[in-house]
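Read through the structure below, which is laid out as structure tokens, and then see the notes.
All chains are identified by letter, namely A, B, C and D, in their written order; residue positions are counted from 1 within each chain.
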Amino acid sequence: MDSNKDEIIDFEKMIRIRLIEEAIAEKYSDQEMRCPVHLSIGQEAAAVGVMSFLNKEDKIYSTHRCHAHYLAKGGNLNAMISEIHGKVSGCCGGRGGSMHLFDDDAGIIASLPIVGSVIPLAVGSALTFKLKKMHNISVVFFGDGAIEEGVYHESANFAKIHNLPVLFVCENNLYSVYTPLKFRQPNNDLTRLATSYGIENIRCDGNNIKKVKSASEIATKHIKDKKEPFFLQLDTFRHREHCGPNFDDDLGYREEDEIKIGFINDPILIEKDRLIKKGILDKNKILKIENNIKIEIEKAFTFAKQDDFPSRASAEEHLYAK
Amino acid sequence: MDSNKDEIIDFEKMIRIRLIEEAIAEKYSDQEMRCPVHLSIGQEAAAVGVMSFLNKEDKIYSTHRCHAHYLAKGGNLNAMISEIHGKVSGCCGGRGGSMHLFDDDAGIIASLPIVGSVIPLAVGSALTFKLKKMHNISVVFFGDGAIEEGVYHESANFAKIHNLPVLFVCENNLYSVYTPLKFRQPNNDLTRLATSYGIENIRCDGNNIKKVKSASEIATKHIKDKKEPFFLQLDTFRHREHCGPNFDDDLGYREEDEIKIGFINDPILIEKDRLIKKGILDKNKILKIENNIKIEIEKAFTFAKQDDFPSRASAEEHLYAK
Amino acid sequence: MQNDRKITMSQAIGEATLEAMKKDDTIFVIGEGVTDPKKIFGTTSELVEKFGIDRVIESPIAENGLMGFCIGSALSGMRPLLIHQRVEFALLSMEQIINNAAKMHYISNGKHNVPVVVRLIVGRGWGQGPAHSQSLEPLFAYIPGLRVAMPAFASDAKGMMLTALSENIPTIFIEHRWCHYVTGKVDSDTSNVLLDGPSVVRSGSDITIVATSYMLYEAILASDIAKEFNIFIEIVDLRIIKPLKLEKIVESVSKTKRLICVDTGFKEYGLGAEISASIFEALFKDLLKPVKRIGLPDRPTPSSRFLAADYYPTAENILNEIGKLMDFNSHKVEQMIEMLKIKKPDINADVPNPLFKGPF
Amino acid sequence: MQNDRKITMSQAIGEATLEAMKKDDTIFVIGEGVTDPKKIFGTTSELVEKFGIDRVIESPIAENGLMGFCIGSALSGMRPLLIHQRVEFALLSMEQIINNAAKMHYISNGKHNVPVVVRLIVGRGWGQGPAHSQSLEPLFAYIPGLRVAMPAFASDAKGMMLTALSENIPTIFIEHRWCHYVTGKVDSDTSNVLLDGPSVVRSGSDITIVATSYMLYEAILASDIAKEFNIFIEIVDLRIIKPLKLEKIVESVSKTKRLICVDTGFKEYGLGAEISASIFEALFKDLLKPVKRIGLPDRPTPSSRFLAADYYPTAENILNEIGKLMDFNSHKVEQMIEMLKIKKPDINADVPNPLFKGPF
């Protein structure tokens, strides 16, 4: 059945992202990946769900927490792992590190570490699509913190009045670093910040891949049919520390209950259970999937380790375009 | 009757502002007032209506178009006219010009010419009131253009989550310079940009002093009782050019109808008619009021003309506070 | 004859925009007021009529967003020309300019280009005051990856704009409001000019003056007076303040052995500091006198013309420095200044020309 | 003994804040993460526990707004201390800083004060890359009306913070992340220090080095090596880059007749340019050698440690310039550098000390 195949593919994608990030976390203490890393572990459904309705010509933008988006959109794994190692085959040749991933071939234009900074860029790509009469859409992923930056509001307003094909995806993981929403927002319904610009929107459980997909389908269809922006709020949960490979709930900044529910709502566990229950997958098949991915991951790390350092002299190149 | 007296006082205030600005317009071509001026002619009801519910300890902030706010809050007329003449007794000693009016004694903290820039400052004053447990309110006047700046949104959100006693007054005169709302906003109901932060709000006819007053009464009471911000949208109309003393409808940027209705809705004409009809004032009384004001105005201009130039050496003073 | 056609710098910029947009349909213009009746001091006239509102895009008041829209659009193949009527409005978009526009090409290891041109207009005079007349170019010049152009002459402005709109380098294009009014010969078929550094606009043997933007005119005025006193000034138009190319200045100063730097910004931490320091490094042994820097004093621009009079340096300040560099006695300096005052009696005016009547 | 108490610069800043807040209840701290468990690299520890969430205010991610809230609150009698974990976040609030914080006192003809202190932390190392490790201090130093402090030592940082929080001048307080780790003697009753300019931190007779922030440590290291070769360096800590007071530097260089400027920012259009140009003006005839400037090359900070290795100047670069100024032959310079490498083998490291394990 075709829909089964899709479900398996999405599940594979999620588990692949998870395993890649777990590998990064595990190997981080080797001190070969010497740059800040913001892992998406726990937030894979958002990335995979939205991406399943995009094609190669659709462009995405992301933030400091960009691994899942990069991978879900089809970014090159070797180029990512090399980049985090600061090596020459990294997507930025080592210049950007984990927070600057991009892959033009896969339609991943830029990830930026300054909160909110990437949002107007995605609107700019959508403006290009409109001006060139192209039928693609531009998607920007950002967090519940980024929506507080003034530039989100300037972007949403502009996108609406110019009817631009842009999808705003706000992944609400309830925190900006260690600061909970309640210190930053009157309430945690962020769709009000789309409604106020007349932008259609859906809020849904971002840990449930099926729900994310059905919301994304509506969203992308709306953008293409109505030629106007759309906003998705995907509620989710970050498993690990804000920045770095570890868990940090010893710091006590999240409520016990919140943590418990957060981990129960692991998008991969939920989907695994569902697929097993529906008989679409079984433990063996999953093990096989995981093993294949692990081989791929080891290859990527081997590639990165064997990859050359960028030469010191090369640092002088590409300051100005020719 | 007390309410009659109030009505007369408000009318006098409006007509005083009008006459002062008309005098500025008339004398502008003498080239003694050598700075940009943004006249509030047509928008007097907003200033007078809101101000009638503020006391001296309540603080206001304004923009490039600050004359009406300054005067309605009780700013010193001589200091204003001298400032516009670049003279030493100007409120800024000539350093700021027409766009930087303030008067500490009257609770007018600052006017700023960069659009939107003043909004967070008013929120900051409200924060002071909260921290010092004072019961005053902070009011910021700004235009329909300023609400498009990201900083308005950052300010509104912060004011709401910290329950700050600040009144946002958005005077919608339909234009930012020559650019109409339709190029800048999905629609002209700007209260949606308060609702989205959970900020209570009222939109009303800003050319009708009675309506402005009843909205302002609710607003100021709400802020004091509920200890949280409030938002007013006052729809109004700028009679003259964006910047300068002249009319500019020869430029054709406003629709014929819009112009006609705009001038019919002159807040002073409306109120004059009403007060005459109600027998509260008559033409003679009004003439007398106007004449007294005109004498005051002439005095202010004479004062400004006779006022000293700031000395060149004094320009070096007050770079850093002692 | 075509070659004698004189137009103002604002007309020249308008012409360049029009011609570039005709040739390249990926160029669009965007900004607050680009379509309004005043047409950005006349520089966007005819554009919306010719190219429509899709290529001449009116905007909400949202400078930070605007800069980001332009960068994103440039990354996806367009060539935006963003216009702010005052430099100060760009202060709201410094994060976009410094982190994204300037660095995207470098960070992407040369894979991404950001062909955005941002026009920023420096205000002066008629009491515009502290927040509408700043010269903030060092804020951009400090940032690697940006190109910062400061045209002074109509024809150069046209050529520079054509080049900026045809290359792939994020360019901050800073125009002094008073240069807008100045006319100059502009060939109707001006082509792109190289945006590769300073150019010598007058030859001389005694002193080099490096000037930017509007201060070129004051420098020329001073040099005209100096000539009458047998002092021959070589004037170098800095033109491109980033990336900074110093060869021509070094060459000139190795001949004249004396240097005055004069620009429209603050003296302290200003453009002149970099040039002065660099020239000292290059020509330590050759300089006959210390380099003189002329710039704004260290305080905000006051609105009142009475306070602003001493604020802006003029040809008079330049003549004073010339006097010092040439060891003139005070009498001779006075004579020069007298001659200047006869030639240009309104030297401290708060308007660019007598026809200007405000309000901005 | 109290006088021997050693603490890190981050502890010193924390202490100053705590003491100031105890004495003056108009001071409040505000910023993203000021109450979170990491407490801004430990500098805000105990604050929220002692003073509560009304005086240690957590914030949405809204830097432009934050700066404005602080200015408005300062205008009405409070003394906000605003903290950004990286300098770059303040790029979103340049309009507020430049137009309002810096100018309000001046424009109001001295009637208004803006006693705001803004702490900006400069990142370095562990691959933080282009948007999280910039030294942007010249952007603030260019602006009249701002005070810009750059402490390098724990005890100075404490005194500076106490002073900044007690005076009425808007102060940009720039801390280098690597200085945070360095310990120094800090009296437990440190009082306010004068924020009035540079100070000589080491006396010497042969060369003056003017350094800022973290580069002081590299300068001290270089001077220790140079001493073994009988070269005595006078080290001046610039401390306050705005308003700039040059007297002490002029005094020092009139003695040593040789000057090296080294700071954490870009060389081009950087702090060194202003100092170099000014010292040339003041001591044109006395200097034995051209002033040497050391700063970052003209390109963004790369993330990869392989690319960053050559990026940051170290004591080695300083020793090279010392060699040039003293006409050492290349052999002698090599000897100095060898000695340096023995003393500090990890000179090109991407971490401040070996204990640092990332991630930021």
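Following the convention adopted for this analysis, a residue touches a chain if its C-beta (ideal position, glycine included) is under 8 Å from a C-beta of that chain, and two chains touch if they have at least 3 such contacts.
Quick caveat, the model's predicted, so the values are computed rather than measured.
K.L.:
Could you pull out the chain whose C-alpha mean position is farthest off from that of chain B?
P.N.:
The chain lying farthest from chain B is A.
K.L.:
Express in whole angstrom the distance between the two chain centres, defined as the mean CA positions of chain C and chain D.
P.N.:
Chain centroid spacing, chain C to chain D, equals 32 Å.
K.L.:
Distance from the CA centroid of chain A to that of chain B, rounded to the nearest Å?
P.N.:
Chain centres of chain A and chain B, defined by C-alpha means, are spaced 46 Å apart.
K.L.:
Please compute the C-alpha centroid of chain B, do the same for chain D, then give the distance between them in whole Å.
P.N.:
43
K.L.:
For chain C, give me the residues that contact two or more of the other chains.
P.N.:
Residues 59-60, 62, 64-65, 88, 91-92, 95, 99, 106-107, 129-131, 144-145, 243, 298-300 of chain C each touch two or more of the other chains.
K.L.:
I need the residues of chain A touching at least two other chains; which ones are they?
P.N.:
Counting only residues that touch two or more other chains, chain A contributes 92-93, 95-96, 100, 112, 114, 148-151, 154, 157, 161, 183-185, 319.
K.L.:
Graph of touching chains, which shape: line, ring, star, complete, other?
P.N.:
Looks like everything touches everything, fully connected.
K.L.:
With touch defined as at the start, can you tell me which chain D residues reach chain B in the complex?
P.N.:
Within the complex, chain D touches chain B at residues 28, 54-55, 57, 59-60, 62, 64-78, 80, 95-96, 99-100, 104-113, 115, 144-145, 147, 167-169, 243.
K.L.:
Within their complex, state which residues of chain D touch chain A.
P.N.:
32-33, 35-38, 58-65, 88-89, 91-92, 126-132, 297-300, 302-307, 309-311, 350, 357-360
K.L.:
How about chain A: which of its residues touch chain C in the complex?
P.N.:
Contacts found on chain A: 59, 61, 92-93, 95-96, 100, 102, 104, 109-110, 112, 114, 117, 119-132, 138, 150-151, 154-155, 157-158, 161-162, 317-322.
K.L.:
Under the stated contact criterion, what part of chain D meets chain C in this complex?
P.N.:
Counting only chain D, the residues touching chain C are 64, 88, 91-92, 94-95, 98-99, 102-103, 106-107, 129-131, 134, 136, 138-139, 141-142, 144-145, 242-244, 265-266, 268-274, 276-278, 280-281, 284, 287, 289-293, 298-300.
K.L.:
Show me the residue ranges of chain B that touch chain A in the complex, using the header's touch definition.
P.N.:
Within the complex, chain B contacts chain A at residues 148-154, 157, 160-161, 183-187, 192-193, 195-198.
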